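All remarks here apply to the structure that follows.
Note that the chains are named A, B and C in the order they appear, and that numbering of residues resets to 1 at the start of each chain.
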């Protein structure tokens, strides 16, 4: 039931950038894949487990900084850096979430926000990683080992695609697994879940750690693509919010949600910027903002809610709550 | 290769220290303690790094305060409190117009009366500085590529300004002059090379010393790293809302005053 | 010692204004469970209103205060009618999404209309004046801003507690359905609360204009801090927002002065995390 549309979408996502030669389009595809993947990762903790995180940029940034610092200081391959970044992010998630999980709902959300801002400030002030100045990744000629490609964006797109499929796989695995059911039980009612004997603390922690590690992976790809990072770019609130927004737009708690949301929001922001951004008057962001409002007003239950309304009578799996 | 005609903050920093030295020599200003105040982003942090590096070349000065503040700060109250407690003679600022204006207001409120305040390219050079602060902007200093006070002293600059003003309605400012210089330098390089072939033009750009009679430094020469070795800056100080040129001496339009008056005596 | 005294006073003054902004936010969040991402931007709009009245007509900000409050109230009302009403029954984060889009639009529209330049009010009745209390310097604009904010917070709290409509708001906050059954016009309650939330930031913004510039992003930091303060105080709790705001102001000044001015906001966020370990629903949450 769920597999066919998903496979079709994955096929389209793979073929599109390969056939459309426009470089700008490939860039948009890359960003869309990345953010869709980030949304899937975020869905694990927020959509499934119901713990809203406004601070996922913290993990994204940790991923970006780990691989970047290891490469430019110690010449370690960004692939290795990526794995280490994920581990580092997971550790941070573990240490930070444990005390935060006693907070519920909005209080937890604001706590994640606070954590991300603190981490951002730490990196801004940390001279070892060049602080506010940021790091320019040393440019080397096209190399798989160094994850740098200059002649074409396609390798980056393929890496992002690969990661996205991986994250999708993990997400689906969790959803089908008993962990997925436990998480959704926790989301629906914490107390009831506990009453059923679910170790809520353990599963929330697990969800957060997995989510953070997957998020960090994309941080590395982003850094390698842009070849420059600074704390404001990768730890910024706008990164966290973008992830939140595109997933909510598409439909929370469902595997299709981030894909739909990213496919709308990312091209929207990129194309308004290229078409209208040049004047410096902020037209592009004005239009982008208005369009977000319009889309939300048009279908307050997210795009998935809209689609689900059309197919009446289907089981309400992945019901959107926050 | 990037060729830059305006000075980078390493050169600006040296320029600042040399100016302080000049004030000490000529006016017995007795400036010893320096504070650096800067916004926490690449602009500010890099300027502060330069200060910490170059102060070693000027042993008569010591750094007594290093005050860094976040971007988008809602106030600068504790920053000024820090500065005040360090009692610096000179304050170096790497701030934008918003924070700089808040700093000036706070200096007034907390009665911070330094001898000299020198600003990197930022809030001080913004035309809004004098508009926002009126009389309170007087006595602040900073580097500009040029100032309207110099038009009388530099006939070629004056002519350029006339042309600019005819088209724009306002006097030419530092950044615009630097852009103009870039265009002029390229044109001259092409003329000298006799061709627009990039390699030949680049040859000329790298080796030739260009005349720049509109800059206080009078010449432009790009070093091996692409940086103009001559500092295309003039130190200005605001008097009665006008950016007067105070240093180097041969281009002075007003004598520098190395001491802020008490705030209520303006 | 006077160093510390100065820091405490400064922190309390700054915190009072933070509180007022937070009070506006907690009203809406507590009542409707709506995250208004554009809250800080409402403040920015009222600040621009006051600025233009000053620049074009030479009106002192204190004179324009009622107008700024009115403008902000109207914007709040409009936002409610056009946007919020439609997402009330949708998952909570949808309202966040909508107000986020609104925030983007408002900021960039402001930039389009008025350029990104920083505007200050140069000469006002209060500017440049200060009081000396023993060794502590208290700037008059800051003092008036703090007193005005405290007064406004008091007024709002009293209103909610004592008046009939205030009780209607409390009832609706507890349960919309039951309030309706009791005969409360909950639609009116919602409209009014959004407008009141606007008035709070309108007043805060006007009072700030003497010491802080207005520019398209001027509401950003205040908005962000307001989120944390509301959570710190306990959602929907007005006095909670007030005390939390003062606490954050103090954390910023004392923490920032002794631990590093560049960390002043990080320290404020840290205080939130620490306090919530002991009071998981904020200072006064229930």
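By definition in this document, a contact is a pair of C-beta atoms (placed from the backbone, for glycine too) under 8 Å apart; a residue touches a chain by one contact, two chains touch by 3 or more.
All values derive from a computational prediction rather than experimental measurement.
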| item | value |
| --- | --- |
| Pairwise touch network: line, ring, star, complete, or other | complete |
| Selected pair, greater C-beta contact count between A-C and A-B | A-C |
| CA centroid of chain B to CA centroid of chain C, Å | 38 |
| Whole-Å gap separating chain A and chain B, where each centre is the average of the chain's CA atoms | 43 |
| Distance from chain C to chain A - Cα centre to Cα centre, in angstrom | 31 |
| Per-residue overlap in chain A, given as positions that touch at least 2 other chains | 121, 124-125 |
| Residues within chain C bordering two or more other chains | 260, 262, 265 |
| Where chain B touches two or more other chains at once, by residue number | 40, 68, 70 |
| Touching residues on chain B, where the partner in the complex is chain C | 40, 67-70, 72-75, 77-79, 81-82, 85, 96-98, 101-102, 105, 108-111, 128, 131-134 |
| Of all residues in chain B, those that touch chain A in their complex | 40-42, 44-46, 68, 70-71 |
| Interface residues, chain C side, partner chain B - complex | 3, 6-7, 10, 14, 18, 117-118, 120, 122-123, 127-128, 130, 137, 139, 211-213, 215, 217, 220-222, 225, 252-253, 256-257, 260-262, 264-265 |
| Interface residues, chain A side, partner chain B - complex | 121, 124-125, 131-134, 230, 232 |
| Contact footprint of chain C on chain A as seen in their complex | 52, 99-100, 102-104, 106-107, 110-111, 113-115, 117-118, 121-122, 124-125, 237, 241, 244-245, 248-249, 252, 281-283, 285-286, 288-293, 296-297, 300-302, 320-322 |
